[in-house]
Each structure stands twice: as C-alpha cells, then as structure tokens.
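These are the structures in question, set out in turn.
Shared between the two complexes below is subunit A, which pairs with subunit B and subunit C, respectively.
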Partner chain A sequence: MRREPPQTIGDYAPLLFPAAMLTIFFVVPFGTMIAVSFFQRQQGGFYTPAFVYDNYARFLSAFFGGVLGFSLMMAIAVAICCIVLALPFTYMLTRMARNVQVVWLVALLSVLSLSEVIIGFAWSTLFSRTAGITNILVALGLMGEAKALTPSFAAVLTGMVYQAFPYTVLVLFPALVRLDPTLTEAARTLGASPLKAFFTVVVPALRNTIVATLIMVFIFALGSYLLPQLLGRPQHWTLSVLITDQAIYQSNMPFAAAMAVFLVLVTLGLVALTVIAGRKGEAA
Partner chain B sequence: MNINSIKRRTLLGAGLAGASMLAMPAVLRAQDKSLKVGVYGGYFKDSFDKNIFPEFTKATGIAIESVAEPTGEAWLVQLEQAARAGQAPADVSMMSQVAMLKGQATDLWTPIDMAKIKNSSNLLDRFVNKYPDGRIAGIGAVSWYITLVTNTDAYKEAPTSWSAFWDPANADKLGLLALVSNSFLLEVTAKTFMGGTNALDSEEGILKAFEKLAEVKPNVRLWYRDEAQFEQALKSGEIPMGQYYHDVTGLAAADGHPVRSTFPKEGGIQDSGCWALSRASQKTEEAHIFIDYMCQPSIQATLSRKVGTSPTVKRESTDLTDKEFAAVSSDIEPIVPRYDLYQTKSDWLNQKWTELIVG
Partner chain C sequence: MSGLALQNVVKEFGSFTAVNNVELTVPHGTFVCMLGPSGCGKTTLLRMIAGLDLPTGGAIHLDGEDITRVPTHKRNLGMVFQSLALFPHLTVGENIAYPLRIRNAPKEDQKRRVEELLSMIHLSGYADRPVSKLSGGQRQRVAIARALAISPKLFLLDEPLSALDAKLREAMQVELRQLQQKLGITTIVVTHDQREAMTMADTVVVMNGGEIRQAASPIEIYRRPADSFVADFIGQTNLIEAEADSVGHVSVLGQPVPGLALLPGAAKATLSIRPEDVHLTAPGAGAISGTVTFVRDLGGTIETFVDVAGRQIVAVSTPRERPDVTVGQQVGVALTPDVCVVLRK
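Our next item is the complex of A and B:
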C-alpha cells in the first residue's frame, strides 16, 4: 500500500471534522479561560471583563509555588511508579497465551470503567483502621493492632497509580506486542540472562514509547483532584484541588483560570524539555 | 455531578410524563403550571420529594420538578453562569446565607413581593434576607445547626464544649469542614476562647483566631468537602469526633448508628437556607405561591418532624411539642456566623485559611 500526499483541497476533507471538534471543544474553551484569567475579580460577587494581572500576581507566591511543586512532584512519582510496574508486567503479558492476555486486558479495562470517586472510597476503606487491610495482617499475627494507613502520601500515591496503571498498560501493550522477538533471542544466544536482555535490549528499543507513556501518565496524574482529597491530608492537595476550590467554592473564576493557565504552561514546558532532551540523547 | 443531575432530571421528566399518561386530567392541569425547585441533593431532596412537594402540587396545582443542587457555593456559581446566558437551571433554590450575599452582589435574586407572601407574619426576622436597599432577596426555608458530633463507641461521655477540639487527647481524631465559609470555625474559636464573635471585628482579632485555630491542626484527620466521606467515617468510628449537621446525625442515630450530636455549652452553629428566585426565571408567580406555601407553620413543623430542620417561623405558631422542638434545636444561644466577613473579606479569609490548613 502506498500513501500519496493530499493533492486537492478535497483530500483534506476528512480532517475537517476533527479540526472543527478540536476548535469547538478545546481551542474555544481554552481561549475563554485565558481571557477570564485576566478579568477583574469582584470580591463577594463574580467578575467583570477587564485586563489585569492581579490574578497571576496572586499566584506568584511561595505558598502556591510550593503547591505547584508538590503537584508536579506527585505527578512525576505516579508516572515513574506506573512505568516501573507496568513495563515488566506488560512485557510478560505479551508473552502469555492469547486467551490469558484477553482475560488480563478485560480486567484492566474494567478498572477503567470505575469512576475516581469509587476508586477513592474503595481505597480509603481498604486503608482504614476499622475495615482495612491491616486487620488481615493482625489476624495473621503479623501486626499488633490495626491502624489507619490513610490519610497519607503513600495512600494518595497508591490510589493514583491504581487509577493510571490500566492506561499505562494499554499504551505500552501494542508497542511490546510488535517488538521483534528475535532481538531478545539474539541477546540470549549471545549469552545475556533474561533480565539482562530485558534491560539492555527491550528497554532501549522501547525508549520512545516509554518516554511518551511517562508524559501521558504525568499529565493524567496532574489533573487528579479527587484522590488527593479522599486519601491525603491538606498538604497532599494538588494544585487542581485549589483550582476547584477557587472556581466552585469561592466563585473566583479569574483566579482559578489564572492558576489553570499557569499549570498548563508549566506542563507544556516540562513536556517540551523532555522531548528536547530525548532528541539530544538520540543524536548522541 | 452535572451529568448525574441531568440524568436525574431527565429521569424525573420521564417519570412525570409516565404519570401523566396514567392520571390524565389532574396532572395535565398541573403541567400547565410548573416550577423547578433546587434543594440539596441526597437525603434533603428525597425528603422533600416524599413529604412536601406532592402535597404542594395537590394544594396548588403547580407541578414541582426538584433539582438536586450541590452544597456550598457550587450551585451559586452554576446559577450565576446560567443567568448570564438567560437560563435558570432552577427557578427557586435553597441557598445558604453566604451564597445569598454573594448573589446579592450581582443582583442574581429577583426581589420577593412580600404582599404576595401572606404567611410572612410568622417568619422570624433573622430569616428574611434583604438587599442593602431593603428589597427582599430571599425568605427563610429551613434552618439547621452544625454541632459537635461523636461516635458513641469511642466516646462514652458526650463532650460538653467545643474546646474538645483543642484537647491533645483527641490527636488525629477530628473531621472538620474544609472551607472557611462553611465550617465557621473562626466563629467557634472566637466564641469559645475570645468572648464572642465580635472579637472578629478587626483583622488583628481574626488573625488571633487563626492562630488559636492552628493549634487544632494536629488533631484533624480529615478536612472534608464531601459530607458522605465524614458521615461514613463517623459511623464506623474511623474518625470518632468532629463537626457535622445536627439533623443528619440525629437521623443516623435513629437508624441505629453509634453516633450522637451535642450542643456544646458555647452553642451550636446556626446556619440557614433561604428560598431565592433566580433573575433568569420566568416563573415569578408560581415562585411566590411556593414560597408562601413553605412559610406556613404547619409545613415548617412537618419539615422539623420529617427532615430534622429547625423552623424559620416563630415557635409558638407551630404545633411542635417541647420534645419535638428539642430534637431539632436547643435553648442554648447559638453561634451565629459572621456572614458579613465572608462577603467583605472573602478572598483574604480564604487565602489565610488555605495557608493554615495546607501549609
């Protein structure tokens, strides 16, 4: 099959629909948000159209800097945990029999059907003192008495990794399936242990996929605002939680919009850095 | 939440349509006149749907479509955004006092014509919400208390004072509301330790209250936005103490859960909801009939018995017995929130508060 570049305007027609959708549902709302972020906040009321920098100025403080830093750190941690868990898992999954694969993939897909609320409440029950997993450890005699594992950073991290794990597997799966098995076979023939073959052949061959997955999970985790509230203490609240507070509870749309714009910019910046670093690494 | 409420609304609509097929004449008449009423989702809405709205439709021929509204100010934001576009997701909504004041700032509420509210003579003055220029913005729907709640298994003796929150013995055991404008903990601090809520008149006073409040932090396990989260933990004893709604706690206790609600000696926090009419609504006539109906002492008494709220009309006008009244209220002077602060200093308070609990 040969692909020809589009010749006439008509050839571009299939692009119109997605382009229109993107414009209506992404570009326009995002533009509105940027506009609102410069509006004048009316304390005790709503906002009036204006062009002021107050909302951005308020954000530039050590306090919000700290929250932003924590959110980014949390999202990176989630992304790394997901990859570390999902890569070996998916690799082994691709080498299993087809029907086993199907069972696993269906199970993972069913996790995707759970809402964030259900995941949050389920984990908060599992981590509770009264009904949680520590009770099992007590029954087995491994622990003196049941204790609460939530709220804590570990609880938030667990919840978020659980939520992002299926996405990670589903993104990695096609790449790993397509991976030429002769590569590892060659490595094994040349005397590499399976573990060594995995780290020296499989991982480098999938570098681009891994980086892309990292970025995807990172962005996915950055938007989480329910799990940090359900499983964490206030110091584990991400910037998304504070944005929600401002938008929904304080009716301060301009400030919420400014924080959201800032978050998007920082995210884009980080992604760009990763891509550039990746290119440099490739060139070397 | 949006999707959910739309679904619920379409469902209701389908239900109404179905009912009209069965009871043609009566409901057809009712369908001519209808009113969308926003009440807090969950237990509140279920209770109104069961005990209040059908009777209202029977008495007036106006069909009610109830809309589940989220608590806090989320609903205010939605109403305001919709009103800007000329839409009213609900004609009449039950709004908290802070939300009422914020809505006033943008003239969101259609002024109520008191001449059409014949039952208004029974209302207690503090439940009539007025614009600064004297127009009536909203009329008291129900009032409720936020009290000191405990799990009876964990605390054999009920605590008697809000100062229990500060007791080092209660480390990591409290569940408190997460927002400055719905927890009213500044007022609690001022009443308990600073001689009264007047101590919050000056910024220094407020900062002092924040300082005192910071001492509570190590005792707090959960700062909740979502009521279900705390209610569940309180029932199971996971978080055995905190602040919560007196009405819902009473209902949970009646269902056999090991919880109790106590009016501390400094008083419970009294908050209230107003019926307010969105300026985008076309149903002014029906809204007045509805509000008037809800002001009747007999309806207020029904609400006290069925929903557990405290009446917004004079107690003498109702037929509530002493026991029934005591179940929903208390003789102890309540802590009345400083609503004015949440309008004039809302951003400053919010910033200090967030820094306090997140920092």
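Our next item is the complex of A and C:
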C-alpha cells in the first residue's frame, strides 16, 4: 500500500483531536510553567507577572545543584539496575514455554496496577525492624538481631527498581522475542559458551533497544517523588520532592516552576547526549 | 576410528519420536547429504550432531571420542544455519573472525585468517562492510567462511542454499563441493532438494519418519533404491507390481519378463523402473501393450505417458531416439530384467 501525503486541509482532520488534547493538556500548561518560572514572587504565596532571572539564580546554589546531581545519579542507578536485572530475566523468559511466559507477564502487569503509595508502604514494612525481612534472616540464624533497613539509599533504590522493573521487561520483551534464536545457536556452534554468546551476540545485537530502555527508565525514575520520601532520609530526596515542597508547602510557584524547567532541560540534554553517543558508536 | 559415528541415536519430543534408532558411520573427509521430506527428522539429527539438541538415547562419537554430552561450544564445529545467522551488529570481517576472537586468537592471526577466507570465497576487500549490505549469495559465502574459520572437525549445513534462487543455488552447490574436496573436511548437509544431494554428496542418506531408509552413493541410491519410498523420492520412477508363479517365472502386468527374479520365496513385489529405461516399441512382439495418453515435449527430453491396463507408465526419451508417438496411439512397453529394480518391502 502506498501512503499519499495529505492533499487538503481535510486530510489532517484525524490529527485534530490528539493535537487539541496535546495543546490543551500539555503545551499550554508547560508554557504557563515556563512563564511562571520568570515571574516575581510575592510574600504570602502569590506572584506577579514579570521577567526576572531570580528563580534560576537561586537554583544555581550548591544545595540545589547537589539535589539535582543526586536525582540524576539516582535515576541513572535505577535505570542501570533495571537493565542489568531485566535483560537476562527477559531473555530467559522469551525462551520459556508460552504458558509460563503468560504467568510471568500477568504477574508483572499486576505489579504495574499497584499505586506508588502501596509499593512504598509495602517496602517500608518489609524493611522495618519489627515486621521486616531481617526477622526471617534472624529466624534462619543468619543475623544476630532484627534491624531496620529503612530509611536508606538502598531502600529507595530497591523500591524504585521494583516499580520500574515491569516497565523494563515489557519494553525489552518484544525486541527479545524478535531476536533470531539461531544467532545464539550460531555463536555456540562457533565456540561461545552460553554466557559468552549472551554478551557477545544478544547484548550487542540489542544495543539500540537497551539504550532506549535505559532512557525510558531514567526519565521514569527522575519523576519519582513519593518513594524517596517514604523510604529515604531527606538527603535521599530527589529534585521532584523539592519541587513539590516549594510549590505546595512553601507556596513558591515561580521557584518550583524554574526547577521543573531546569530539570526538563537537563533531562533533554542527557537524552540527546545518549542518542548522539549511540549514533557515533554505530558509525564506528 | 576417524570420522563420525552415530549409534542407535533416538530423539523423542514427548510422545513423538523425531529420530528413531539411527545408525550411521561417516568416514573422515566424506561429504554426506541427509535428504528427506520436511519433518523426517533430518534437521533434528543434525542439531544433535551439533549438540544443540540432546539425544534421548544412543551415542555420538567423533574421531573415536564420545561427544554425546559434550556442549556445543566445545565440539569445534562449523555450522551454517538455514537463516545463515550472520551477526547483524558485526561487519563481514568481524563475523568471520568471531570464532577466532571467542578463542582469544592473536589479533594478527585473526586478520590474516580473515583475509585468507575472504579470498577463498572471492570476497576480498569486503571485510569492513556491514553484512546487511551484501547480496544473498555473498551472505551465504560469508556464513560458510565463518563456519570454516577455525578449520573445524565437522562442517554442518542446515538447508544452506534454500534461500537462493535456482541458478545461484546450482552454482553454489558446485562451489561448495569443490571447496569441501579442497579442504578434505567431513561435511554433513541437510537438504530436501535431491538434485542438490546428487550434485554434492559422496553419500546420500535418505530419511523418512525419523529413520534412515537408505545410505549409499548417489548413483547407487538412484540405480538400486532400497524401497519404494527411496525410489519415488529420488528422481522420477514407475512403481509397478510384479508377480511370480510357482516355478519362479515373473510377469509384469500380465507380460512375462524372462530372466527377472523376485526375492526368494516372494510371490509378489514392487518394481522400480526409471522412465529413461522404459523403451517404447511397436505393440505385440513380447512387449506390454498400452495407449499413449499424453506427450510432454520439453525440447531436451520427451515424456510419454502410457496407459497400461489402468496403470500409468512414464517413458522419457531424447528427441534423437524418439519413437514417433501421438496421443491415442497403441504402443508396446518393452521391459528387460536389467532395468527392473526389485524393491524390498
């Protein structure tokens, strides 16, 4: 079938609805946010239209810079953990019987149906001193006495990896199913052990998919603001937490908006860098 | 013993027996074609030789060593898959060097060997191209070169030429055979194309229903098929019932054929008569009479369909020896004992 480019204005009609939705619910609010980020803050929670850089200037401090750095580092850590766990898992899943795959995928989808709040409280219970998993270790004689594992960085990381893991599997799954299974078999006949075949054939052949998944999980993790509060200390709070704090509790809309805009810019910059690096790697 | 030996190899998938009690000896340096209809177990047998599937029974020996449980990557094989399975993320040169890289061969050796193999497959200068930029025949050659990079003990090919068009396939068959003879490497090819098997093989192994029906040289398989399946599968043939009377005189379709003998004690048997061995004569005079129902003149050969008492017999002749026949004409079919192959049931 040949696709013809749209000839008349009427041919664009099917685009109208999604375009309108995007404009009303995304472009307009985002534009408003950019505008507000330059507004002058008034004491008492209000702001007046203006064009000042104060909000951005305040952001360029060691404290907020540190939080931004921590947020990015956390998101990258979550993305890498997810890929490292999900890639071998999904690879083995695609080689299992059909009904086994269905059971696993349904289980993963059911994790997706859990709200962030439930995941947060579930993990904070599991990591608690009184009812947590350390009690099992004590019962098994592996630990002296039960202790609390939360709040800590590891607890935040665990919760966020748990939340992002199903997405990672679902994004990797189609690519791994499409991967020609004879590629691995060929590698084995040519002298590669199954493990070597996985790293020399499966991983490089899926390079682009892996990079795309890393970016997706990274952005997903960057937006998380509930789990760091539920499972972490204040120093484990991400920029999203601070934005919420400024917007809702400190009633400083212009500053919150400025931070949000900055976060978007940094994220876009990092994604662009990754894509460019990926292209370069391909050309080499 | 040098070479490959399969002993009572069995492969069951649940209640389905894909390969049943296969016994086969492949001396070192032989070219074997495994031939059979789809689902006959030939690919499963090849995968077991490669170690990609484990047999449920029996043993596989290579150069006197039991390799039945040796993992694939320790068997030192070269295998070409039907899909070729070239690595899409590597260049032509990197694909060919893969088995060397995995064995940590020195960089210079890898480079030299890749050059050697590329010139062997007439693709010198292609080392840095991505495999996606090659034509079907070139990809085929790269897959072969990659499989031969380590000079493997066994060279296995699973329907290697099925993706190529007819002309290229015939050329590759000849090339593959010449390459194998030059290298003297034990080679096993799975195919469903009997022309391919006849062109390349020292030994043709005809399989059906998970069993070997006959393993012999191509000409032996063609001239002396063991049973009606082999006779019918390899080339075109006429399968005709023959009867013997109490003193052993054999008649075919009511016409005595002096000098022909069935297996001792058998009163009935099936004969295989190749179309090119059927001679059409004038009716009467010791020949079976029949009516010509169709003449297919292909230029190089002429196929004549003769109806004999409800049975169809096909005769092939060249235009030079053509008996001038037309549809509806009465002809005689002359059979001599030397053209009739008595099949064991």
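In the analysis below, the second predicted complex is superposed on the first by the 271 of 284 C-alpha atoms of A that agree within 3 Å, B and C clash if a C-alpha of one lies under 4 Å from a C-alpha of the other, contacts with A are read in each partner's own complex, and residues count from 1 in each chain.
Heads up, the rule we're going with is that a residue touches a chain if its C-beta (ideal position, glycine included) is under 8 Å from a C-beta of that chain, and two chains touch if they have at least 3 such contacts.
Everything numeric here is computed off the predicted structure, so don't read it as measured data.
Superimposing the complexes on subunit A yields a three-chain arrangement in which subunit B and subunit C fit side by side.
Look at A:E185: by the touch rule set out above, it reaches subunit C but stays clear of subunit B. After overlaying the two complexes on the shared chain, residue contacts for A:F63 are found with subunit B alone; subunit C is out of touch. Of the two partner chains placed by superposition, only subunit C is touched by A:S193; subunit B is not. Legend: residue contacts after superposition of the two complexes on their common chain; A:P234 is shown touching subunit B, with no touch to subunit C. In the superposition on chain A, no contact is made by A:F17 with either subunit B or subunit C.
By the document's definition of touching, of the two partners only subunit B reaches A:I248; subunit C does not. In the superposition on chain A, A:F51 contacts neither subunit B nor subunit C. Geometry note, superposition on chain A: angle between subunit B and subunit C about the Cα centre of subunit A is 150 degrees, to the nearest 10.
Subunit A is touched at more residues by one of its partners, and among subunit B and subunit C that partner is B. The superposed arrangement places subunit B and subunit C with a least CA-CA distance of 46 Å. Interface residues of subunit A, counted against subunit B in their complex, comprise 41-46, 63, 67, 121, 124, 128-131, 148, 151, 229-230, 233-235, 237, 242, 245, 247-253.
Across the complex, subunit C is touched by residues 180, 182-183, 185-194, 196-197, 200-201, 204-205, 207 of subunit A. Within the complex, the subunit B residues that touch subunit A are 72-74, 76-77, 80, 101-102, 105-106, 178-179, 181, 221-223, 225-226, 229, 233, 236-238, 342-344, 346-347, 350, 354-355, 357-359. Interface of subunit C with subunit A (complex): residues 50-52, 71-73, 75-79, 81-83, 85, 87-90, 98-99, 102-103, 146-147, 149-150, 156.
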